[in-house]
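Listed next: structures, encoded as C-alpha cells.
Two complexes come next, and they have one chain in common, chain A, joined by chain B in the first and chain C in the second.
Up next, the complex of A and B:
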C-alpha cells in the first residue's frame, strides 16, 4: 500500500514534461498587473490575474484554485509593499513551485521600482493597518505605470530572451501611447489643482498628489478602522471651517458614512475605481485612468 | 599595601579601556550585529470567561461513552480561564528551507506544540516537511486553534484524536499536480503517539507472562488527497484522508491497579472534509464546512478485575461522527455561526458481544464574533451538549450541559497569514 502510493507519486511527477515552446505562464496578483503584462507580453505570454479588481486588495481570500495557478507559473508578479501580506505567503508556500519563490528570477515585486510615499518613521498597530514600507497604492499614479511597465518588460526579456525585441517593441509602443494619455489626463486635471478632497481610505493618495489636489482628511480615523460617530463629528467640524469639494470613495468599503458626510457638508461623493475590473468601465489600464479622470473632473 | 596595589590595578583595568574609548571614533553598531535576522515572532493570547450549568468536578468526570472513557483532562473551568499563550517563530532558513515553531504556554506548562521545517526548492511539485507538526488529516486538525471558527475542537476530532489533535513527530511529503484544477497528494509517516486512537508504548505484566512490545517507529501512516474547484464566487475544497496505525494504551494495567486496562491493536480512521466559501461582496461571505470521520479499531483488551485476575478479550470498535457548520461574515467586523456535532454508529464488540452504548451523541453550538481588527477577536459561544454521560454502577446517565463562554483572542508581533 505504501510502496504503491510512492510509486504513483514518483510516476506522476514526471508526467508533465513541459514543452519549451509554450508561452510564458505569468500569474499576476492583481488585474492591473495582468493587463500590463498582456500589453507588453502579447501572444508570447499567458496571463492570469488572481484577485478580483472590485474587492479590497488588502483582504483577498487565498482560494485553493490559486495554488494550482502559482504551481504552474513561470513568473509571479506581485504589487508588493505588503499589499499581499495577508494572502500571498501561504499560496507561495503551498504551490511547491521553486521557480517563483521570493528571490528567484521568476518572482517580481513591482513596488521595488517606484518611490513609495508615507513611509512611517515608526510603526505601531495602534496606528491601524500601517504598511512599514509606505503606502502600497502606488500604481494609481499614472507616471508610475511607465516604471512598472519597464520593470515587467525587463523581466520578460530576462526570462524569455529569444523574444527580447518583441517585448522591447511592444513596450515602446505602450510607453508612447501612455505618454499621450498622460498629457490628456494632465489637461483634464489641471483645473482641479489645489482642490481640497476627502478620502475614505488612503487609496487615491498617489493619484491625487500627482495632479496636485489636496487631501483634507480621511473618513477612516486610522487605516483599516471604520469611522466612529465621534470621528465623523470631528470631521464635520474640521470640514465646516475648511471645506472640501469632493469625497473620494472606493468601491469596496461601506459608503454610509461617506454619503452622510457628503450630503451634510455639500461635498460631491465620487466613487473611484482602484484597479482594472473595479467598475465596469475600467476594463484595461487605460480605461482605468480614463475613468478615474472622468469621474473626478466631470 | 599589597591590597592597595591590587585595588589600584583593578581600578585601572576598568578605567583605562573606558577612558580610551572616549578618544576613539564615534560608536557604530556592532560590525557583527545580527539584529536584522530576527525571525518573525508573535504571541497569541487566548482567555475566556465561562459559565456552565454543572460544577467543574461533575464536568471533569463526564464521559463520551465508547470514545472517552475516563474524565477529560483539564477542561476549561467556570469563571476566568487563561486557555493558552502561544509563541510562534518563523523564518526562511536559507534558500532551501523554512522553519516554523510554535510553543504552547500555560501557567504550569511549556510545551513545543510544533517545530518543523519545509523545503522550498524541491523540483516537480514536491515538498518535504519534517519535525513535530499537526497532521494534515482532515480539515481542522492542521489549523491552529486561534484560526478556528469556534472556540473548541469539533466533538468527532476530540473523540478520535484527543484534546491535542493528531500532533506527531514525523515527516510529510506533498505533491501538487501541474494541472489546471488544483490537486494535492500528501503522505505522512508519523511516530504514532496519538493519544485517542493510536499509541506506541508497550506494556508488561511479568507475573502473568504478558509482554506487549512497543511499536517500532514510524507506527502511523496518513495519506490524503485534496482538490478544489471554483463555482462562480464559491470555492469548493474537498479533502479525503486516511490514517492507519498501531494502537497501544495502558491505563494502570502494567502497574497492577485493580480495574486497570491495556490495549494492543491497530486502528484505521478515514475522513472526508468539505469546505465551501462563497463571497457575497468585498466584505461578506458565507462559509460551510463539514467533516465526516469513520474509525475501525481492533485488538486485544487486557483488564484486571478487583481480585487482580487478568481477563483477555478481543475488542473491536466501529464508530463514526461528523460536524457541520455554517459561518457568515455579515459585516466588516462581525461573524456569526452555527455548528452541529454528532457522534453516531457507536458500535463496540467484546469477544463478539455487542456493548450497550448510546448510538447518537449530539452537541449544538452557536457563536457571535466581533473582530475589531485582524489582530483581535471577541467571541461569544453557546454550547448545548447532549453527548456527555456519567457512569455509576455500570449504568450510563446522560447529563445535559449548557456552556456559555466569552473568549478574547489577541495577536501581537509578526504573525504570518493563514491559508484558505
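Up next, the complex of A and C:
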C-alpha cells in the first residue's frame, strides 16, 4: 500500500512535465528578448516582456503584475551584464519562483553568450556607472543577435525537448533571414566607415563598432552622470579640432546638451532606437535594426 | 499574489502607525516638510558614504546626517519665526548636495538610487518585521516620556525619534510614500470632530492603504504611486469640502 502510494506520488510529481501541452511561459526582461523568443518559440511559447522599450533600460518602475508573471514563469530571460541590477534581484526574490532563480535551468542570462567590451581592468569603479562585467548594451551589435537567438533556441530545446525540431527549424529560418539582413545593413553602412560620431551614453558602442565608425567622445563625462559645464567645454575644444559628423542620442536621456553641442559644432543630431518599441518604427528585432541603419545612413 | 499584497499592506500599516503620530504633531507645529528635509539629509549621508567609503557604513552615515538635520530643525524652530522657509531651504540644500557629491562619485546615480530607496512592492517580510520592532521601541519611548518632558528636552526627543523613523521609512518605501502617510491621514483626522485624532488617522489611513493596494493590483499601477495618489486625493478633497473652522488640532494648540 505504501509502495503504491509512493508510486502515485512520484508519478504525480512528474505529471506537469509530461502533460504540459500548455505553451512554455517565458518572461523576458526587455522587448528585444521577447521578440526573439516569439520568433523561435512560435506557438509553443507564451512570452511577456517586463520593461517597456522606450524607457531607460537601467531604471524600471515595478508593477504588481511583474511579480505575478515571474512567479508563474517557466523561463526567465535577462539581458544580463548588470543591466537589470537595479530591479531584477528584488523582483526575483519577491516572486519566489525556485524554477527561475539564477543558475536554475529556467534562468537564462544572454550576456553569457557574447563577448563584452569595456570590461574594466581594475575593480575600483572610478568611472561612473561602469558595469563591472562590461558594457551591457551588446544586443545592438546585429551579429550578436544570432548568438542570442541560438542561446534562446538551445534553452527552449533543453526545457521542452519534445518540440526540439520545431525550435531548430524556426531558429534556422530566423538565422537565414537575419543573414540576408546583415548583408543589406553592411551595404548601407559601408559608406559611413570611419565616420566620427559622438554618443550621449555608451549605448550604441556595439552597433557603431560593428560598422567601423569611430566614437569621438560621449556627452556624459562618465556613464550615467549628466554632462557638466567643464566637460561640455572640453568636448567643444576636442570636436573643433577634430570634428564629428553625427551625435547619436537615445530616446530616454535629456536632449538639451546634445542639441546645444550639435548646433554649435555642426553635427547632425540623430535619435536612435535602443530596443524594440523605443520608437514607433521599431516594432520587431528586424525593424529595430532597419531603423537604426536608416536613421544614421539617410 | 496575496502574500505580496499582504506584505505591501503590512509595510504600509507599520509605517502608518507611527507616522500618524508624527503627522499630527508636525501639522500642529506647522513644519510639514520636515520629513522631506530629514529624508533628503539622510540621502546626503548615503551619498557621502558612497563617495568616500564605497558604500560602507551606509546606514550609520545616513542616520547621523538625518539626526543632525533633526537637531538643526529643532534648533531652527526655536530660533526663527519662519520654520517652513528654513526647512524648505534645508531640503534644497540636501537635494543639490546629493547631485554634487554624486557627480564625483565612482558609482553614480544608478547605484545611489538602488541603495537609497526600494519599492514598497519589493520589501521582504524580514525587513518589515525589523522596522516594526524599531518603531515599537520608538513608540514605547514616546509613550513613556513625551508628555512628561518639556521645553528643549521635548523638542530633542521629538526630533531624534522623528529622524530615525523617517530614515528607516524612506529606505523601505521612498520619500513620497512616507510623506503621504505622514501628512494625509493626519490632515483629515484633524478635521473630524468626533473621536481621538490618532485613532481616526489610523482608521482612515488603513482604509486608504487597502484601497490603494487593491487598485494597484487590479489596474496594475505602480503600488507606491497609487498609494500616494489616493492618500493625496482624499486629503485634498476633504480639505476643500470641510470648513476650516472645525480644525480641532489647531484650536487646541
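By definition in this document, the second predicted complex is superposed on the first by the 275 of 298 C-alpha atoms of A that agree within 3 Å, B and C clash if a C-alpha of one lies under 4 Å from a C-alpha of the other, contacts with A are read in each partner's own complex, and residues count from 1 in each chain.
Simple rule for what comes next: a residue touches a chain if its C-beta (ideal position, glycine included) is under 8 Å from a C-beta of that chain, and two chains touch if they have at least 3 such contacts.
Computed from a predicted model, the values in this text were never measured in an experiment.
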Checklist entry - Does the superposition put A:252 against chain B (first), chain C (second), both, or neither? => result first
Item to check | Which superposed partner A:93 touches (first chain B, second chain C, both, neither) | outcome: both
Next on the checklist: Output check: A:103 vs chain B and chain C. Expected answer is one of first, second, both, neither. What do you get?
Outcome noted: first
Checklist entry - Does chain B (first) or chain C (second) touch A:55, or do both, or does neither? => result first
Next on the checklist: In the overlaid three-chain picture, which partner chain does A:194 touch, first (chain B) or second (chain C), both, or neither?
Outcome noted: neither
Item to check | Contacts of A:241 with chain B and chain C, given as first, second, both or neither | outcome: neither
Next on the checklist: After the superposition on A, what does A:43 contact: first (chain B), second (chain C), both or neither?
Outcome noted: neither
Next on the checklist: Output check: A:228 vs chain B and chain C. Expected answer is one of first, second, both, neither. What do you get?
Outcome noted: second
Next on the checklist: Using the superposition on chain A as set up above, list the residues of chain A that contact both chain B and chain C.
Outcome noted: 61-65, 67-68, 71, 85-86, 90-91, 93-94, 125, 128-129, 224-226
Next on the checklist: Which stretch or stretches of chain B touch chain A in the complex?
Outcome noted: 95, 98, 118, 120-127, 173-185, 187, 221, 223, 226, 228-230, 235, 237, 277, 279, 281-283, 285, 332-333, 373-375, 412, 416-420
Checklist outcome for this item: Per the touch rule above, chain A residues touching chain C in the complex are 58-59, 61-65, 67-68, 71, 85-86, 90-91, 93-94, 124-129, 222-226, 228
Next on the checklist: Going by the contact rule set out above, which residues of chain A touch chain B in the complex?
Outcome noted: 2, 5-6, 8-9, 12-14, 16, 18, 54-56, 61-65, 67-68, 71-72, 85-91, 93-98, 101, 103, 125, 128-129, 224-226, 251-254
Item to check | Residues of chain C touching chain A in the complex | outcome: 1, 4-5, 102-103, 106-111, 113-114, 118-119, 121-122, 124, 216-217, 220-223, 225
